[in-house]
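Okay, got some structures for you below.
After this come two complexes, each holding chain A, first together with chain B and then together with chain C.
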Partner chain A sequence: MVAAMSAPSTFTGGSEAIALAVLLTEFAMLRAPLSRSQVRLYALQSLAVSGLALFVAITKHLDALYALAALSFVLKVVVVPRIVLRLLRESRVELVASHRLGVATMVLISVVAAAFGFFVVGSLPVHARLLPTPSFGLAGAEILVAFLLVILRSDVVSQAVGFFSLENGVSVASLVIAGGLPLILEMIFLFDLLVAVVVFGVLIWVHHGRTQTLSTDPLEQLRG
Partner chain B sequence: MLTPIEIQGLQVLTILVCSPLLSGVIAHIEARLQGRRGPRILQPYYDLAKFLRKETLIPKDASWVFVAGPIVAFSCYLIVPFLIPVLTNYPLPLGYMGDILGGGFILALAGFSVSLAAAESGGPYAQLGSSRAMTFGALIEPSILFVIFTVALVTSTDLPYFEAATARASLSQAIRPAHLLAALAFFLVVLNDTGRIPVETHSSTLEFGMIDEARTLEHSGPLLALLRWGSAMNQMLLYVILLNVFVAPWGLAGTRQAGAVLLAIPVFVGKAVGLGVLFALVDNSFSKLRLFKITEFMAAAFVIAILAVLVLYLGGG
Partner chain C sequence: MAWSLVVLLITPVTVSLACLWMPVRVAQALSVAGGALTVAMVTMLVPAPTTTALGGWLRVDSLSVVFLVAVAFLYLATALFAVGYVQPTAGTRYGRRFFAGFNLFAWAMVITPVVNGLALLWVAVEVTTVVSALLVAIDDTDRAAEASWKYLLIASMGLGIALLATVVMYYAGSTVFGGSYQLFYPKLMAGAPHFPAPVVRLSFVLAVLGYGTKMGLVPVHTWLPDAHSEAPTPVSALLSGALLAVSFYAILRFYQVSVQAIGPVFPRNVLLGFGVATLALAALYLASQRDLKRLLAYSSIEHMGVLAIGMSFSAPIAMVGVLLHVLAHAAAKGTAFFGAGSTMSKFGTKDLGSIKGGIGALPWSGPMLVLAVLGLCAMPPFGIFRSEFLIVSGGLSDPRDAIGAVLVVLVTLGTLGLSWFASQTMLGAVPEGTVRGETSRFIVASMVLGLVALAVLGVHPPAQLSHLLARAAKELR
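Moving on to the complex of A and B:
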């Protein structure tokens, strides 16, 4: 038989598979027509991120990461999606036509962006302490796709969810380069997210109160 | 001890004989999932026997292409089992005749000749089906190519036997991200190529959503039997590639002993039925996409396939 390309170890393979799941949910968010399903996808993505932290904690025996996994689970899988879903329920808007481009076009652009992020970030001479370096490239790709989500969808929920998932990408990246970061710093990241949730919550609320829609198109009229 | 030639013949026979059975079992399970009693498991055989006894009607202006299409397609489906691991996990002599790309070409030729025959019939719905089948076939093609690239990068060859052997070699090969992504992308390709929801309602009689099914509307008698049988064989061949190359390349005969090879037949049919149940579940839990939304499905398959190549390039994932 021909020599096959050697497989990564189970740890590398497993952690990369989880990082890939994070990236794939980002693509799904880009496509998801309903704001509600976007928020659910965000919860799923956060679940994958906390799963990654837990996976590293178990395999590398890092107690701080257990706490981080638990905290990010509570905050990003339960609390934040609940708050946003509640805001959505109050605004009673089911569907916002917010795709600026066709879905297939958006996906193709994102594939290019993801490949760019993947190779550029992945080729940085970063010494990964805990996770395999390709996960760093995947995190870079995820961050770029999250940017595209904010750019290519014109509704407030996409902007908020895009920003939150940006934070998920940063979490993965920080797990790669600084997995053993002091817990207090990781907590600061998470509280950063909480501030963002409050800001976006107010934004969604005020915007919907003024324009009766979640689309950001009315904001275009404000330009001079 | 069977000779390699006999085993190769047996592979073709397995596909030829068991494929209507697989369709029957899936249709039965699907009906059960929907709370219906469903047709008998052997119903596809009775249907084929009925069609073979009926007369063939050929549209007035149709040329020989109308007759040749189903025959060419059927022979293509008979050739592919030579190239892929249906029963054995070691390469058979004719297995080197073509790689995955070669097998894909032959399947594409089959689809093309069916479309050509449908277009030749002059029937509007058959022509609509053939035009749609060609369009969506072209759109799903990039995903198939990237799956093949993944296989080629992992095994440094693109013979299906080697990909299966690599996946079997160790657990870390079977769960490496690139392999999982390629298998997932190929799963979506199979959903498309077997005319399943979310792409197509394969059992519907409503022409608006028809793609592959519409192509056979103008054929009758033995030609229709060949088309139906061919599409059952196409489904089983795609299952073989998905199961025996990507997802579950276990349970194949490792020797040329008659017992081992014959045992591989029921094992494979069992695996295929398991996969069929999964497809029936997908069929029942999702809704069909609108025709112009099918590109989204193709885009999803493409993203997954391209990610498989990307992770391989960067990190050996």
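Moving on to the complex of A and C:
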């Protein structure tokens, strides 16, 4: 009991703080009024994920994670946001809010979803080898909020950023429970993400070219 | 025959690159040649399927080869159809982009069963998504752009879940193999009995949900009817006959590991739940469609439900039926989409209410479309009759035989919807002013190829193919 109540170690506290920062940026993306600020928040979130990889690499002496942290930084903090921001600059659209619900309602729903994800995922018998188990729950919460971002925002940039941030949530989960994943596979995953980003970019460009807007409101001809 | 795997790895992608620079006629010929070479390589693998290449990164076994047969056959048949469908008059730029994308899409689906391990499997399926999303949008219409966006977004979110499933399975393996190892299938299968059960359960559910999005399982199927109906018809045929199958293949790989780790009951129950929901919804929606390609898309969802339910039966005969169903569905659905493409070219519409007298207007492809639809309705002597017979036989011998009865009822409901609309559009008098005749002999040739394959699968599958199916079913137990 005394052991359970004792203060967390530097490693535990540090890693959980970074995982929490990733979740908080997801909330910020959800309420951010402008697409541009969402992309910047995504870059910030990716910076936190890269920082988490670096933190684990330093504290656990896993050399492969240094390379992963560097690659993750270059692709997710620099390249992907630049691609999307450039697309936004070229689209020159009037920026309008795309919240399907009021900000307070959206955040409340997300808090419920995040709590659900945190407690359900955290209660699984997953004993993290590299990071404390609560970080896995935070990753689960972040993934659920990413889904809400896609559902509750009605513009193509928010929806694309929602997918990219979902991948960040999976990255946190991967660092938590599969930090030893071979570097070659991590690299393939990252380049695959880059390809997906380019295709998302192409389709955003096509959508804007046809409708002169980034809103998804015109996308109502097909009903599944 | 490790070299045949390498040939499979490089053929369609080489053809794809060549198509970017060649005249459309040459791109058409190269696509058919690429399809034929792929079929030849896969045929060589059928008698002795277990093969490894490139230091273990490529590996096929009986299960992989079953799916390779489906993909390779449809690649060849659809390439033939595309020669008739995409005329050089459509424009050199369009033609080049179409055939480059078409072959790249085929390549992504060919490598999915060829790569070894859950991680590369995910990468390959993700590549199929990004390439096919661009192909769905290639016709540059509002509806195609909308369908493409929804497809890319929903499928990518699903694959995000599938990636999480892969990571969780990696964690399960790390409890046995230590921190760093490769997710190769034989290694996972060997260590699976010692994996922690709750973690494997979580991974399997995430995998069914994630890859099920690509397979068209309810409730994550919503992209499918839109993408199938708005894509160019050759792409619709590949999406329906091959892409859904390779997504099912990904689920089967998780199923194999899960069965080794936690036994068959939990994975079968999960598939049963998704399968019944999928089949029920598709059977009901089939009766309310007004668009020819959406009708076929819902038929695909229906057949994916049949596959999921078939996997929930414990009898080995049902598993053979499921694998045969993958092949038969590829042949039948490809042929039906080819017929739909021919019909749309003739009548200039997909609206089922506006198409009348298809058999009269299209002397070859009209009757063949009717035969393909009858094949999809599991009429003898076609392959789906045989495969559904095997699945239902397995279901009725299962302790939960009521599921077999539910399967029969829902499939019958789906059959009614499909055959009703086929009879409404293909029978009757040809509208005035409609010129009788085929739009292309290549379309007819592709449909003949599909129907012959479908009939062979139903009447008497080649002995080596039957052995392959039996071995693959054994690998799944």
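The criterion applied here is as follows: the second predicted complex is superposed on the first by the 214 of 224 C-alpha atoms of A that agree within 3 Å, B and C clash if a C-alpha of one lies under 4 Å from a C-alpha of the other, contacts with A are read in each partner's own complex, and residues count from 1 in each chain.
In the analysis below, a contact is a pair of C-beta atoms (placed from the backbone, for glycine too) under 8 Å apart; a residue touches a chain by one contact, two chains touch by 3 or more.
All values derive from a computational prediction rather than experimental measurement.
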Simultaneous placement of chain C and chain B on chain A, clash or fit: fit
Partner chain in contact with A:Gly51 - chain B first, chain C second, else both or neither: neither
Touching partner for A:Phe147 - first (chain B), second (chain C), both, neither: second
Chain B versus chain C as contact partner of A:Gly117, first or second or both or neither: neither
Touched partner set for A:Phe27, first chain B, second chain C, both or neither: first
Degrees between the directions from chain A toward chain B and toward chain C, using C-alpha centres, nearest 10: 150
Contacts of A:Pro81 with chain B and chain C, given as first, second, both or neither: neither
Which superposed partner A:Ala17 touches (first chain B, second chain C, both, neither): first
First (chain B), second (chain C), both or neither touched by A:Pro134: first
Closest Cα approach, chain C to chain B, once both complexes are overlaid on chain A (Å): 18
Common ground on chain A, meaning residues reached by chain C in one complex and by chain B in the other: none
Partner chain C, residues of chain A touching it in the complex: 64, 124-126, 129, 143, 146-147, 150, 156, 159-160, 162-163, 166-167, 170, 173-174, 177-182, 185, 188-189, 192, 195-196, 199-200, 202-203, 206-207, 210-211, 216, 218-219, 221-224
Chain A residues touching chain B - in the complex, by the definition given at the top: 1-10, 12-14, 16-17, 20, 23-24, 27, 31, 102-104, 107-108, 110-111, 114-115, 118-119, 122, 132-134, 137-138
Chain A partner contacts - residues on chain C that touch it in the complex: 119-120, 122-123, 126-127, 129-130, 133-134, 137, 140, 142-143, 145-150, 152-153, 156-157, 160, 163-164, 167-168, 170-171, 174, 178-183, 196, 198-199, 202, 221-223, 225-226, 229-230
Complex interface listing, chain B residues touching chain A: 153-157, 162, 165-166, 169-173, 175-177, 180-181, 293, 295-296, 298-300, 302-304, 306-307, 310-317
